[in-house]
Amino acid sequence: MIIKLEKNLNPQVIDNLKSNLKNIGYQGNEVKTQFDHYLICIGKKPFDLRNVGCMEGVQDIHKVTDPYKLVSRQWRVHDTVVDLGDDVRLGTGHFQIMAGPCSIESEEQVVGTVKHLKENGVRIMRGGVYKPRSSPYSFRGLGIEGLKMFHRICSEYGVKIITEVMMVEQIEDMLEYVDIFQVGARNAQNFNLLDALGKVDKPVMLKRGISGTIDELLYAAEYVFSNGNERILLCERGIRSYENAYRNTMDVNAIAMLKDKTHLPVIGDPSHGIGIRKFVEPIALAAVMAGADGIIMEVHETPEKAFSDGQQTLNYDEAGQLYAKMRQAFQMRSGWN
Amino acid sequence: MIIKLEKNLNPQVIDNLKSNLKNIGYQGNEVKTQFDHYLICIGKKPFDLRNVGCMEGVQDIHKVTDPYKLVSRQWRVHDTVVDLGDDVRLGTGHFQIMAGPCSIESEEQVVGTVKHLKENGVRIMRGGVYKPRSSPYSFRGLGIEGLKMFHRICSEYGVKIITEVMMVEQIEDMLEYVDIFQVGARNAQNFNLLDALGKVDKPVMLKRGISGTIDELLYAAEYVFSNGNERILLCERGIRSYENAYRNTMDVNAIAMLKDKTHLPVIGDPSHGIGIRKFVEPIALAAVMAGADGIIMEVHETPEKAFSDGQQTLNYDEAGQLYAKMRQAFQMRSGWN
Amino acid sequence: MIIKLEKNLNPQVIDNLKSNLKNIGYQGNEVKTQFDHYLICIGKKPFDLRNVGCMEGVQDIHKVTDPYKLVSRQWRVHDTVVDLGDDVRLGTGHFQIMAGPCSIESEEQVVGTVKHLKENGVRIMRGGVYKPRSSPYSFRGLGIEGLKMFHRICSEYGVKIITEVMMVEQIEDMLEYVDIFQVGARNAQNFNLLDALGKVDKPVMLKRGISGTIDELLYAAEYVFSNGNERILLCERGIRSYENAYRNTMDVNAIAMLKDKTHLPVIGDPSHGIGIRKFVEPIALAAVMAGADGIIMEVHETPEKAFSDGQQTLNYDEAGQLYAKMRQAFQMRSGWN
Amino acid sequence: MIIKLEKNLNPQVIDNLKSNLKNIGYQGNEVKTQFDHYLICIGKKPFDLRNVGCMEGVQDIHKVTDPYKLVSRQWRVHDTVVDLGDDVRLGTGHFQIMAGPCSIESEEQVVGTVKHLKENGVRIMRGGVYKPRSSPYSFRGLGIEGLKMFHRICSEYGVKIITEVMMVEQIEDMLEYVDIFQVGARNAQNFNLLDALGKVDKPVMLKRGISGTIDELLYAAEYVFSNGNERILLCERGIRSYENAYRNTMDVNAIAMLKDKTHLPVIGDPSHGIGIRKFVEPIALAAVMAGADGIIMEVHETPEKAFSDGQQTLNYDEAGQLYAKMRQAFQMRSGWN
């Protein structure tokens, strides 16, 4: 059960509400986000919605049978649209492409990429400055100084930034240079990181874990939301399966199902989803047709020279053609609704 | 190495050729199909193509480094198109829908379905008369009499039939009533069945195994081809993964990769690929965009009353809309090439 | 529900019984095995056991809530012991080793192996004469003539034979030369083969499918049993997982769980379970401790020269040491019960 | 290549060494642990070991072809033994049991468990005070105050503590109350946490990721070691597979293989490995026979009342019997070497 509270409630009223709920067998968890104030009530006993609805302080009440609550579609009529400002919106009906290199490597690289994006009408650039790497001896990113440079150039060109955050301590430093925090597949169940990202007012994109279930992804989003941040994107990036012919197995089923289960925007990542350059195009298009609200993909001027992930990165030409096809596919899909 | 032999060769010439190949370290396997005559040469030693090319009886010669040979794209310039007659073709550029119930249940059911297909321009009907079932106590299909009825009605309406064959002994009986033999996921490595299907001149559609690899699927096709039958279709129908939110995990990566590795047509099965009715549409469309040459899907007048697989079966209305969307998506994709 | 019928019932009595059962919502499937006569009743309605118990022809009645019936432990008090004659028994309390090469290659090979087994007190020899191979160009076994030779030598030495059957047509030819029919992982859901093996009075060992579930394995056994053959062994041989460091992932959980769910003997196959020679020993011992009633493993005089599976095959010395350790481990485990 | 440096080297010597290595194509990463001082050299060019061996500052040099270096068995002759003091050692030849509840719940619970452990000669108690939970609304542990209480009681009874750390910020607070830091499966690739745990002189046990590979686990250990901490344990706790009959699939193959690939101790976790109480015993014993140097398992006075994981937790009686059997199995295995 989700109770939307009236604005500016006296704490005493909330306490009373909680103890009334306790009496009918429900534990009330208070959640205050950048937009609203809720009580998330966990319990199993049947109860009469009307009895709760008339308690003091209750503005609205919704039954949610899903195990996750705030991120469920069961209580929210309208899909969430995450607004980055400057007319850049993510969510149902607002198809967005996020493109860029795996790693931020240099100023020239960022300038070159930003120009490529601008020419192609892409509004969001991806690029890692903190890189999770299997081996401790690999390149681990340019760090906060790289991010500042990345931000300076993108601001100049009016391009938004999505970049990965790996630990709680990095959040504060990164905050003003980032438009979307990305949580990587390896941190998909790093609950402390999720808690902390729930306490800032910046959008967060959660990648599905390496072998994460749909439910685990939704629970991860519930962590962020219940800590106070409603601006969440979910990202399908391929799962680990027995098949070794590709890096990961893009799970388009997840895209279709997530669009049904939650009001949050769903993004597809075909670069990691298959991990082989020449197949990024068909997989990106498949993700769009399965219902993705956006695509995040790796682009580099010279993929073969990229510091990381070159084998799954498109060059500018290939990417430009794919942007156009994805938009055409999205247009067609939109026409059907 | 694949050697295409000249027509009507004297057996002695072939024997000589084999022993010459043996001398350079290659074992020659003779393959005679409905269309051509080949020697498939297995070995590892480097050799000079020209030396082989000038041997007696050799019409053409191709190096194939893939572990599977005849089904590899490496030697065949043109994609295979499987022609069912009456202008029904399967393969690159010829998008086909195959639809129908999981099981053939009754004459009325077949008539109703055929009419629905005709109205929607669908040329191939699916329907099982031999059903592989986990439990020995479940309905196992109407058998050969059901197939005869199925065939009688389809012939009348000019609709082609695809149906599953489960064992070698069934092939002969089924032969004249079937347009495409389907080999199910549970028989994906039933090598004797594959051998036997290589010896008839009827198209065969091979479903990927429950947890089959791309290579295993291609090897299965190699079994059929090397026994003499070049008319093969491959079908991606979802794999078994750790995710239980759906029956199977549709692997669109496989579609994209198979189209690259082999000259054979590739079909997608969204009904089994996700196993949940309301998601069949997005997954079917995703499969088309990933490169599928056709879609096989479950349709029933009243899915909730179907003998099997009702939960993943569309009714006529839903199916009709999906046919149109798939064709539109295929059209768009074709426009890009 | 499983009804054990009285011996030599008049068919009319059985028909009456079936129609009485139908009246309370149960479909009765008659099963006649080499030992007993049953009605397996499939239905969902609650009923009073006593009412059924007093019907004419009913000797005994058991409620079985598992989806599989005859193979469930719920109705059978004593574990099944499969008796091969000559004091060779398989089942709880009778630890058996089955060892031998992947493929039968020659008379010398069989004689050498049989002698090795005799010296080590191993009573059952494994060896394939029909080999399922991924590639159609690989060695596919010596066939029925190989089996006759294999049988001639083993009979002479008093060693029992387990060998794989791949198709229905082979059963009759193989029948008199085989002590246990093995169904391979690729045929784990070849239901026609299972049906046919239910109709002969020879023990059958069912390998779990490549990615088979516990339930699928038990259902496969139900196929054999419900067709009339109670002499069934189950075999855990490793599953396909995302981990590529080994050929398969030995699933000792399955051994522990199968021993709980069914009265049938459970065998472990460490050779396929890990697929790497130097680890066969610890995995074999782990399988014994998890509860296996026997171990099937690959042994060859010179593994590096074996026609197939050499990389997972032990030589005579290694095998001899392992036999002793397994027996010691089994002894210790037995002491605890 | 791993170079062991001489003690107390002048930094100038190390710099020279690094630049000499650079000249032959190797990047030297300096690693200083609680025991030794190394240069880990990453590169691909062939070189003459003797030329490097005679450089100034080099005490010893080892070629390591594995992708991970310091944790590889290739350079270390003797297995690592982690010494917790008071005669509690972990590693080859020193079998240890770690037992206790999933979560620390109360003082009475800790006292009761410690007494149970003392009576049974178990030297290490497990128990979580920071609990990773899928849902943000679940009990998340007693936190640092719980740990202090846990530590106070264990110190009194001379029992060592292993407990999970979830984030970098917790390390400092926990440091004096912990004998072994546990990194959970969900943090298996939380590289910042691994870095930080490399900088303290306390043993660290790394659980394999939910779907982690052997290589990823070894790389995680390389993170800890290369940051300065050589006292590492690895733990197999079951992987996520397609099989839903159990919570996880215990991978005994991993135990056998890890004992071969690394000099670090390997622990098995049967409680999570199968997740069902009645099967913990056979799986624990299987893990011992596969080569585990220790077992970590969940024990509770009244499992059905445990705050978490009750379904896979043994009571004192069951646990006591299992301790004895595991020791007997370990004894038998040791006798064979």
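Going by the order they are written in, the chains are A, B, C and D; count residues from 1 in each one.
We adopt the following convention: a residue touches a chain if its C-beta (ideal position, glycine included) is under 8 Å from a C-beta of that chain, and two chains touch if they have at least 3 such contacts.
Just so you know, these numbers come straight off a predicted model, no measurement behind them.
Undergrad: Which pair wins on C-beta contacts, C-D or B-C?
TA: Answer to which pair has more contacts is C-D.
Undergrad: Could you work out which chain's C-alpha centre is the most distant one from the centre of subunit C?
TA: A
Undergrad: Can you work out the whole-Å distance between the CA centroids of subunit B and subunit C?
TA: 33
Undergrad: What is the distance in Å between the mean C-alpha positions of subunit C and subunit D?
TA: 39
Undergrad: Indicate the residues of subunit A shared as contacts by at least two other chains.
TA: Only 211, 215, 240-242, 244 qualify.
Undergrad: Where on subunit B does subunit A make contact in their complex?
TA: 211, 213-215, 238-239, 241-246, 249-257, 259-260, 273-274, 276, 278-279, 282-283, 285-291, 325, 328-329, 332-333, 336
Undergrad: What does subunit B use to touch subunit D in their complex?
TA: 211, 240-242, 244
Undergrad: Help me check something: in the complex, which residues belonging to subunit A touch subunit D?
TA: For subunit A paired with subunit D, touching residues are 27, 29, 40, 42, 67-68, 132-137, 166-169, 186-187, 189-193, 195, 209-211, 215-216, 219, 222-223, 226-227, 240.
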